[in-house]
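Pasting the structures here.
You will see chain A twice below: alongside chain B first, and alongside chain C after that.
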Partner chain A sequence: MTLSAADYLAVWPEILVLVMVCVILVVDLFLRESQRVIGYALALATLAAAAGLIALSSMPGRVVALNGMFVDDPLADALKIAVCLVAGVVVVYSRGYATARGLFKGEFFCLVLFAALGMMVMISANHLLMLYLGLELLSLSLYALVALQRDSRDATEAAMKYFVLGALASGLLLYGMSMIYGATGQLEIPKVAATIAEGRANSTILMFGLVFLVAGVGFKLGAVPFHMWVPDVYQGAPTAVTMFIGTAPKLAAFAFVMRLLVETLGAPALVAEWRQMLTLLAVASLAVGNVAAIAQTNLKRMLAYSTISHMGFLLLGVIAARPDGYGAAMFYAMVYAMTGLGAFGMILLLARDGFEADRLEDFKGLNRRSPWYAFLMLLLMFSMAGVPPTVGFYAKLAVIEAVVQAGQVWLAIVAVLMSLIGAFYYLRMVKLMYFDEPSDTAPISADMGVRVLLSINGLAALAVGLLPGWLMALCQKAIQGSL
Partner chain B sequence: MSFQTAIFYAFAAILLFAALRVITARNPVHSALFLVLAFVTAAGLWMLLEAEFLAIVLVLVYVGAVMVLFLFVVMMLDINLDRLREGYWDYLVPALVVAGVMVLEMATILLGRYFSLEGMPRPSPRPADYSNTRELGRLVYTEYVYPFEVAAVLLLVAIVAAIALTLRARKDSKFQDPARQVKVKRADRVRLVSMPAEKPAGGGKEG
Partner chain C sequence: MPILTLVIWVPIFAGLAVLATGSDRNAGTARWLALAGALAGLLACVPLVTGFHVAASGMQFAEKALWIERYRVHYHLGIDGISLLLILLNAFTTVLVVIAGWKVIEQRVAQYMAAFLVMSGLMNGVFAARDALLFFVFFEATLIPLFLVIGVWGGPNRVYAAIKFFLYTLIGSLLMLVALLYLYNAAGGSFDLEDLYRTPLSMAAQTAVFLAFLAAFAVKVPMWPVHTWLPDAHVEAPTGGSVVLAAIALKLGGYGLLRFSLPIVPDASHALSGLVIGLSLVAVVYIGLVALVQADMKKLIAYSSIAHMGFVTLGVFLFDRLGMQGAILQMISHGFVSGALFLCVGVLYDRLHSRQIADYGGVVNRMPVFAAFFMLFAMANAGLPGTSGFVGEFMVVLAAVKVNFWVAALAATTLIFGAAYTLWMYKRVIFGAVASPAVAGLQDLEPREWLLLGLLAALTLFMGLYPAPFNAVLEAPVSELLAQAARSKLP
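Presenting the complex of A and B:
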């Protein structure tokens, strides 16, 4: 059981992020209030370097390291790069907002990086223990981030709810994992799968464990009926943190579902079981998410319900239980992270010192104030609704196609109907921006980096929609290379 | 009945008694001390199971550190006992129901065939020079080094989060900064104001 240099080379990106977090923690002590930008630059450099390292060291096959704890496969590479990029964009977008609210400090960057590290650990987990530890690292950082604005009552309440429900979900997951361990005597994912395939596991205990695992996954994804925390946390958390919670962890959650349900419990008998459970979750999420979003007046809350419905779509791809379905779900997760970044970025752009811009009416007449940003928001909303030239349409199409291929036409019909209902509240945003009088006429100010990045973000929703082939091919290849 | 079985039953009885007294003792300091007794007895039970390292850690960490902290808090805070006892009987019934259900559940699992004694054979006895601690250390630092490190990172996050959420630099706190005191120049403290020379007041203006 000796570890070689190759073992450590495989986790090099994770080690880099960890070392840099420690560096930022120490450097931050010596920075004055006016020099906080150094921590910001270091955080961005870390994320860029980690993404670069992963891209450079990516290999077509599976590399297992550290005594079977860690796996580096194309799926892990693609998702980890995406997580680093998303976290980087979150940091850039949050700058103005965080500065105005006293959040622009070392702890913010460190916690974001810790969360990114947790997601990377989770994505590359080859052992149930690592899945759990990565998830806890992510969750703990997120709880702290939500509560970081400690003088805000809403933020504290949101953090408390998130913490209690998150702890409950972690307990469920851990209990499920212990059942799997009890049934198979193994924790390493391929070994668990092998034991189940050989029929040496007790199926009753396995089923018991599966139920707990699906419940835990449902909590973490925010799928109905485990969605109660999502709207409150999204609304109560500082918008910059909401943006982070709403984007990067969804990518990690997809990896979590893949590792736990597809790789660990991928035996045909178990697949049939979890497909049923996920179908229930997906249909309920699509229905509740889309219908409840209509009634919201707070944009962050509306986007929370919209997330719930998007998670329903993501689950549809998994339910197809075919490689192309998993690829479609991965594509969906990436697209959702991108459009989510843009939508929350827009709220951050309009927010000022002491003004949150998180109500629907704050977007009234945006076209009069700035036609360009109104156009970008239009693209993002169209993408979320799934209007054809944008990327959201293609993502939904791919998922629904996979479901139809898997022979579940009724599920596809439900999904289409629900996204029709969902289109209402996205288009209402467009109506508010283009056809209403502005109620707020303050000029929109942001630094150059945010303007450029937000523009790229919005246009990407259109550009990737026109040319979706490469991203789709990337997702499919990652899935095929990893299964 | 072998000597070991006798010890087991004795320890188990003490453990149950101590655990009961933790929740029934009127004085919170007594409760805390009974909790210490419960921990030490549980450590003894683990010792019987040949888990020496865990037994020692339980005593060192829980009795040595956590319980001392508990006692500090209990002794320093002025706890209103009557308010703590409020609703004791109201909560007792639901608590008993929950406890009953839990006991039933555990009984079904433990007495069922999946986790019966036949299903989990007794491990072969270890030689006398077998070191539980060394084996644990070997596993933690070789096979499980990655989870071990990640768990350490988790603790680091907990420290960062706890400090970030609770540490407040008070604006009204008064302190001396020797470095600034040493570096001070005359110009910082003394201001020379040139004023026109005043005529003698002439007496008696102020009275």
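Presenting the complex of A and C:
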């Protein structure tokens, strides 16, 4: 087993991130409290460099490296760049919030980078063990991030819950993978698929494995009925961490679904099976997510349920089980990550020392306090609700189109009715910001970077909505280049 | 020159410029800038009028550019006579609304004016779009500014009204979206209206699509029984919001029926015309009676709007040249008349802060000029010959007689009910003894209000006395529509 230069070239961005995590960890030891910003800058530089490297080295076809463990294809490139960008934005948005709570230190940056590395590995996995490795790296980093604020009871409780349920899900996944291995004798994704295609796999065992894998996927996506951890973790974790959990991992989870269900278990007989299972998960997620979100008074919890419903939408694209649908789901994941970042960024913006701004009332009368941020939040909320001309509409359009094209009009109707219910709680946010008088009149303070980035983030929800073609085409090309 | 693009985007960018003036310290700047923007929007429509070929069939001023490659969606614009009239009505109403809000709106002036300008551009987009997805985007986007206008500057129950308005209209639109996606696939991957017009569809598919379209447009029109959002929205909205809602927003529904239901699913439209005619007659008769008993002036006018829009849907689904042309004229006339009536109520409300009929009486003693204007608009609402209100109603009733006598007889009751509720309200508000010291202290119209009501009065009379130019513009598109509706699309 020798590694060639081509192998290293393919994993270059991952190596860079790993090395830089170690560097930051060491450098941080020698920094005084006032110099923490060096770690911050290094983390941002790392993410930017990784994204740049991926973009520069991006190649049209599939490159398999590290003896079949790792794959570099357009899908991986697009998602990894998105993950790096999202993680970078998270770090920028978190600065003020983390500083006020004593979280602005080396551990935070390292854990975020480790999580990003885990996602990159997951996205590029060509081997079931690699997939699992990436997932665990991501999950363990996230557990630690949630618990980072160690004197907070809520955060500790959330971390505990997250860990126990996450470990259970990982167990299910691993068990499912072992079944697949038992049925096919392979762990490398293309080889597993080939074995199944040749009909040399025991279908009973395969089916058994498939059920466990779908359950594991459901956990990681936070789809109903495996969603119980989502609201508690979102609410309990420090908002900066919630923002991270709520955005980047969804991109990785999409890749996870693609690698596991589409690439590994893409044989027509199996597709028919997991389509049914995912349909149930999707419909239940849409229903529970949207209805339960109405009852929430805590914004983070509301966004948690809203995430559940968004994952239902994302699954709709996968259910269509054709390249168009996968492209739509990928577009949905990207759009969701973007709007999610903006919405959590807004909570961070309003938060102050000792004040979380995570209740719905905290947004009352925002239009009076700051018309600009109220306008941005308005765009983000309408985007989440899927009202044109914001980008969220096109995301929903794309997945619903895929479902209709797959001949499941009833599913499309269910989806739009659920999004109607969903529109209510997004409208309620707009109502609080625009129709009500402010109860909190403290001035909004944030550093320049956050202001600019948040403005770009909010306006992007409109701008990409006016010209959505390029991002849709990009997602479509990534999918077509990888399947 | 891309004239239609200008017609759409000039008001929108003007709105954004107004928004940029910021807080109420610059309210004056915001007002003048908004007026300039509204006038610029109207001015942008001038080439549409001068360059329009009345006799030509098909779409004029066409523009086409690829917008979303992935779904082959085009930024495809074009207008015919129907769109032209509605765009002109819209641009004109926007100017009125800006002037109407000049003094009344004191809080967040820039946002108020900007919302109307943006909305105006979006509505123009709806009337000019030749691609179903583009249409849908404009159609839905108009909800956002109107939602904010009702919710921010509305009356005491504004939150309820705004959310009800939004969700009611959203549900219909979402069903339409599914139908559009179905059609997109049936047409082999195109949202272009021309392609959708050509796509053959089975009767079952046509029926389903028709019902989805009806869900979207019936809520907008609004037709009985999905009309209940309208009185709430009207009552709570500020005067400008009511005017735009009545004059323009309701027309989106009628326009949608003409552009989508009839040509895309002609067989289902014929088969289910009885349903629509039935619902329209319920609107005309029952809602007319409901209007009679209202104690709130705005609510009364809102119900009268529903009854009048019942005439529009009735005229459209008679599949008769006279009826369809009458329906479109009725839409335009209703834009003038109901807009004017809401402005009249606004004039009173600004002075006394009450919309209750019971709080008024003897207003003519203090406001004779206003009473004269109000009289004209009340008569137009009742359908008096010589006013614009008569033309459309008369044509629709004539067409109905050709189709079925009893339909015509029921439809004609509107002339009685319309006169009854409008004139009875007029009598209670304007005539009689001076009701209270507050009424005794009323001041007659100021120049700004004179201008608004004068312009509308002139148009109402012009259209009533000389409807020929309006009819001429509608001739070609109505023939084409009827031809499309008569062509079976069954495979």
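Simple rule for what comes next: the second predicted complex is superposed on the first by the 483 of 483 C-alpha atoms of A that agree within 3 Å, B and C clash if a C-alpha of one lies under 4 Å from a C-alpha of the other, contacts with A are read in each partner's own complex, and residues count from 1 in each chain.
What we mean here is this: contacts are C-beta pairs under 8 Å (C-beta built on N, C-alpha and C of every residue); 3 or more make two chains touch, one makes a residue touch a chain.
Just so you know, these numbers come straight off a predicted model, no measurement behind them.
Judged by the touch definition given at the top, the superposed model places A:Thr204 against chain B, while chain C stays out of reach.
By the document's definition of touching, of the two partners only chain C reaches A:Leu427; chain B does not. With both structures placed on the common chain, the touch criterion links A:Arg153 to neither chain B nor chain C.
When both complexes are overlaid on chain A, the residue A:Phe382 reaches chain C alone and has no touch with chain B. Overlap of the chain B and chain C contact sets on chain A: empty, with no shared residue.
Interface residues of chain B facing chain A in the complex, by the touch rule stated above, are 114-115, 142-147, 150-151, 153-154, 156-158, 160-161, 163-165.
On the chain A side of its complex with chain C, the touching residues are 327, 367, 371, 382, 387-389, 393-394, 397, 400-401, 404-405, 409, 412-413, 416-417, 419-420, 423-424, 427-428, 430-431, 434-435, 467-469, 472-473, 476.
Here chain A touches chain B in the complex through residues 1-3, 11, 18, 25, 66-67, 69-70, 107, 110-111, 114, 117, 121, 127, 129-130, 133-134, 136-137, 140-141, 143-144, 147-148, 150, 182, 202, 204-205, going by the rule given at the top.
The touching residues of chain C, when paired with chain A in their complex, are 22-23, 66-71, 108, 111, 133, 136-137, 140-141, 143-144, 147-148, 151-152, 158-159, 162-163, 166-167, 170-171, 174-175, 177-178, 181-182, 184-185.
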